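Below: one structure, written as structure tokens.
Order of writing sets the labels: A, B, C and D. Residues in every chain begin at 1.
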Amino acid sequence: MSRTMIILLALVAIVFAVSWAAKSASLDDQYDDYISRGFLITLAAFLTLSILSFLYKDNPFYKFAEHLFVGVSAAYWMSLGFWSTIVGNLIPRLSVTLSAFFKVPHIEDEYALYILPDKVSYFIPVVLGILLLMRLSKKAGWISSWPLAFIVGTTAGLNLVRYLRSDFIEQVSSTFVPLLVDWQGTGRFFSDFNLYAYGQFVTMLGNWVIFIGVLCGLVYFFFSKEHKGIFGGASRVGIWVLMITFGASFGYTVMGRISLLVGRLTFLFHDWLELIG
Amino acid sequence: MKFKMLLALILLCFVSAVSGFGQSAEEIMALPDSMAMAPPAPPSNVRGVDTDNDHGHSITLTWETSPDDGAGLNNVIGYKVFRAESPDGPFIERALIPSGGTGHIDVGAKEKDANDYLPDHVGFYYKVRAITADSLIYAESEVFGPVQSYGQWFNTGRVPVLVFVIFFLFVTLFFIQKAKGGANLFVRRLAGIEAVDEAIGRATEMGKPILYVLGLGTAADIATIASYTILGRVAKKVAEYQTGLIVPCYDPIVMTVAQETVKASYMDAGRPDAYYEDMVYFVTQSQFAYVAAVNGTMLRERPATNIYMGKFYAESLILAETGALAGSIQISGTDEIAQIPFFVVACDYTLIGEELYAASAYLGREPLLLGSLKAQDYAKAAAIIIAIIGFITMNFGIEAFKHLFYVSN
Amino acid sequence: MKRQIPLLLVLVFGIFMIFQYFVPHESSEWIYEFFLDWIYIIGIFALALGIWSLIRVSYDKIKYKKPNWQYAVITLAGLFAMILFGFDYGRHFFSAEGLSNYMFRAFFDYILIPIQATMFSLLAFFIASAAYRAFRARSLLATLLLVSALVVMLRFNPYFGPIGPYLEQTASWLLNVPNLAAKRAIIIGIGLGMVATALKVILGIERAYLGKD
Amino acid sequence: MTGWIPRIIAISGSDIGIIISLVVIGGGLAWLLKQSIKAGDVDRRIVFLFIFISVSVPILFPITFSETATPIVKKLYDRIENLPEGSAVLISFDFDPAMAPEVQPMADAFARHCLAKNHKVIFMSLWATGQSLLSTTLQNVVRPEFPEKIEGVDFANLGYKAGNEGVLNVIVTNFRKMFPTDVNSIPLDSIAVFKKIRSCQDLDLIISIGGGKPGAKEWILFVGDPANVPMGCGVAAVTAPQLYPYYPKQLLGILGGIKGAAEYESELVRHYDRFADVKKPGLRMMGPQTLAHVVIMAFIVLGNISYFVTRRRGKKP
């Protein structure tokens, strides 16, 4: 460990201790557990700064926060899955004894009987789950592809019809837009000359852009034909429209991202340092 | 309308003042329910049938509005639908429909213990009440019944989807047969995919590994499935060139599959000895913890190339910018529309949407995969033709064509 | 055998799910709901595989003293501490209150949330650096990207006086009209790609997900 | 506020903030311009530093840029401004805490404006989570800033009622059926605000604040259109584009995101001296937003300058 590193560590430790003390003191009159609260807020601020320090370069503080984050979050999701799915959903339907053990009310699921005898319908996923765990065994590892096949097959079938409907049929049919709006005279046509998409001219312009944009965009996605001639022209228009859209989406997202940073800095300046009211 | 109501109010004040209710005029104004009026004519012709194309537990009702709804006495403000298990009642209120309404779908719960459980195969009786602003003044239709609900075995409203499934299946099978027969199917170049080979070569020269990120999708997401194929291809090349490969995973099942895929590729390349299980490892199933770890890997291992293929969310830009910071060549592909702009901006090559799916066929060059790519193009051509026909019919005021594509729930 | 059964399972369940879509009857609905439940439950079992992989990779790092092995200790410590609090030994042994354990909450509120929010907020910096690096008028396409991003971002500039409203309008027009067209084209493409891939999976043509080819 | 610099660039707030942002960001960018012309690209960390400064300075030392209300906001403002005193305005809080940072400032601004104009205001919520946010507005804005206004006489709080569109369906013809009492269990008949109000048809303006479902769209479909009541709305930035088609026919105006809130607040400050010193979260949030956007745009320009300079240099030799 280099000398600068040691000095830096010591410095951070001192700042941490001072912040803990000061924070506890300032929370004294609000909470009973002010000492642990002071520590936790200081810890949160320290972790926030550790992550931000990554912007300068990779460093031990970032590595610390990163590794802690990975361990804690993995366990968090596992606990959540265990309590909400296994204990919350599965066990009450599976066994009376286990339900009593986990102190959850047993559910007599009459609809399970509707299809399969007794509780078989809830033992199947357990069996499949255990088959999946067989992966860890060298000999029987191949059997873990069965539950996988079940998941992939089911989802593939589900996605096939679902996307065919929502991403294909409905999107194609919503392209049927009137490109000519009933003529209501020149005055009406050019009044409301405003791009908030309600004036007559603007509605028509919008519909044309949408119609041609969709067609050209689709042409761009043709794979089995060389993009040449008219076809190439349409595909070029298609990629223009795509690029304009990507730029606009990018520009639009900036606002939301800045808000996130505002939130984080407000935590540092307000909750931790108490610089602002 | 407003004028009439004002008139009624004035009249009301007058009447109540004269009859001397012992209340101040102000208080009466706040109590509109005591307005005296003639009862409206009842709604007529109430009919009920089982709701079509559903799982049962639902009955569709229609009726004709009261003559005093919007005309005549003009005092109907809505309709109440009542249901009972016998013609004599007791009737329970099921719905309130604003004036002008001529129908209602009475949907009940399918769970037996639910409050508004509506059993199948049980006769029900309905009546409709035209209501006025005064809760005491109303008119009821005749009772209709019995009517039963039951579930159907085929949803006719979804026929368009079925037609397309069959169409797609046939076109795909046709082109696969054709491709098997040796027909040469042309596929245009995809810069992003051609860059993959180049990038692997570069990594070998630099003696640095390749980082492959499968995204946040689950094992069954189509984007992830497409990504496995590309991973298999990349892993094979990597094994041949003897470069390193790092595959951090977000989903444990995806990890399992990726391990199999990479292992198989190393075997194919004739280098099973170079494969080790921890090339592909699980990080955590938490979006930003995963990103934090991958970011750290990028800056510490300095991979020559980062490949991102699959489902990505807000983390796309964090990954791509860190990768650029580490000086890696970056190739990305996702079907997550909101993230495509960020990949396009921050990566060297990006496969946009469908190109990701095409990539697996392009890389494989197998007739089977190419055949289905051809089928995709034909479906696209069909989409364009349908859109043009739709636009023409639409602009000539023919709505029927559009209705062909209407899919009910 | 080892190869055929999974492919058969995929075919059977895939076709079943397609048929299920066209059958509104209750029984088909129940099976559908069960299948989704099952997938969820299997996923939890799979998580154990993941945690196992995480522990093994970290353990190897420590055992062979690989670079940065010290940090693997932190990962493992965090993991086991959180698992312990999550299952709440000692206080509410085996009850759903495990998740309301004081330490579990504290780890969540003061470690997970701050780091997560800060990682997310890094986007504010990266969106700027990406814009700086990539929005250059190198080609026509890059210029289109650049100009439309600028137009939309200019909404946030209050000093354009009379042309301000027009900028605002152009920006929202860009977001409403061409955006709709491009998204629709991409969605139709994606829809087709998905359908084709799903079909390939069901028919057993695309089988990379099963490992060996 | 009164110095010449602020007047020229339409900026107000703490002097330190203005000086720091002008000197550091302006000076820094000028220096970077020189750098870019001379030496090409700058280090990415400098970009990060600028973003950090441009966001943190306005948080620490509040800076507000004067916003000019765009027509879509101004029209709604003008409607509230021009309604005769004592008109009935309903404000519905259709959002949850997650959306609150973006839309609560709008709710506060509308409440201020209506009460300052002596309109009778009716507060309600279609979202269960909206009721506590409604109380927040009452507690932080209405009661401290308008101590002279009496609940029941000048404004009323109906609270939350379950039923989503169903609620709307009923109150369009009768308030009392859905809300026999207000949130404090006082019968509507004994609340002065409701003396002349039987249904939504008697309202002069309805404002829905939110961004989800039920929200402005449902208000239009179930109340605004059938009862022919003028409507306005304030929604999260992501929802705003979906509502543009309703403007200006069904919606008098739309406040979209924090920017819409800021525009409305600035319009209020311009016309009402009493609001000069109240908290204006919309304008305050706009400080970091505007500065950061300007900085990013400046960097895009710098990037292009250095690109063209490098390219020209590359061609010459």
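As a convention for this text, contacts are C-beta pairs under 8 Å (C-beta built on N, C-alpha and C of every residue); 3 or more make two chains touch, one makes a residue touch a chain.
Bear in mind that the values here come from a model prediction, so they are computed numbers and not experimental data.
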Reaching chain C from chain B through chains that touch each other, fewest steps: 1
Neighbouring chains shared between chain C and chain D, ordered by label: A, B
Which two chains share the largest set of C-beta contact pairs: A-C
Label of the chain whose CA centroid is most distant from the centroid of chain C: D
Distance between chain centroids, defined by C-alpha means - chain A, chain D (Å): 27
Chain B and chain D: spacing of chain centres that average the CA atoms, whole Å: 31
Chain A and chain C, separation of their C-alpha mean positions in angstrom: 5
Gap in Å, rounded to a whole number, between the CA centres of chain B and chain A: 16
Per-residue multi-chain contacts in chain C, two or more chains: 18, 21, 39, 42-43, 46-51, 54, 68, 112, 115-116, 119-120, 122-125, 127, 129, 131, 133, 135, 145-146, 149-150, 153, 156, 172, 175-176, 183, 186-190, 192, 194-195, 197-199, 201, 209-211
Chain D, residues touching no fewer than two other chains: 44, 48, 51, 55, 244, 259, 289, 292-293, 296
Sequence positions of chain B contacting 2 or more other chains: 158, 161, 165, 168, 218-220, 222, 225, 253, 256-257, 260, 283-286, 288-289, 292, 300, 340, 342, 344-345, 352-354, 358, 373, 376, 379-380, 383
Chain contact graph, described as a line, ring, star, complete graph or other shape: complete
Interface residues, chain D side, partner chain B - complex: 44, 166, 169-170, 172-174, 188-189, 194-196, 198, 201, 226
In the complex, chain B residues that touch chain D: 2, 26-27, 29-32, 77-78, 96, 98, 133, 325
Contact footprint of chain D on chain C as seen in their complex: 124-125, 127-129, 131-133, 135-138, 146, 149-150, 153-159, 164-165, 168, 172, 175-176
Chain A contact footprint on chain D (complex, rising order): 45, 48, 51, 55-56, 59-60, 72, 101, 237, 244-245, 247-249, 257-259, 285, 288-289, 292-293, 296
Residues of chain B defined as touching chain A within the complex: 112, 158, 160-161, 164-165, 168, 185-188, 190, 218-222, 225, 253, 256-257, 260, 283-286, 288-290, 292-293, 295-296, 299-300, 338, 340-342, 344-345, 352-355, 358, 362, 373-374, 376-377, 379-380, 383-384, 386-388, 390-391, 393-395, 401-402, 405-407
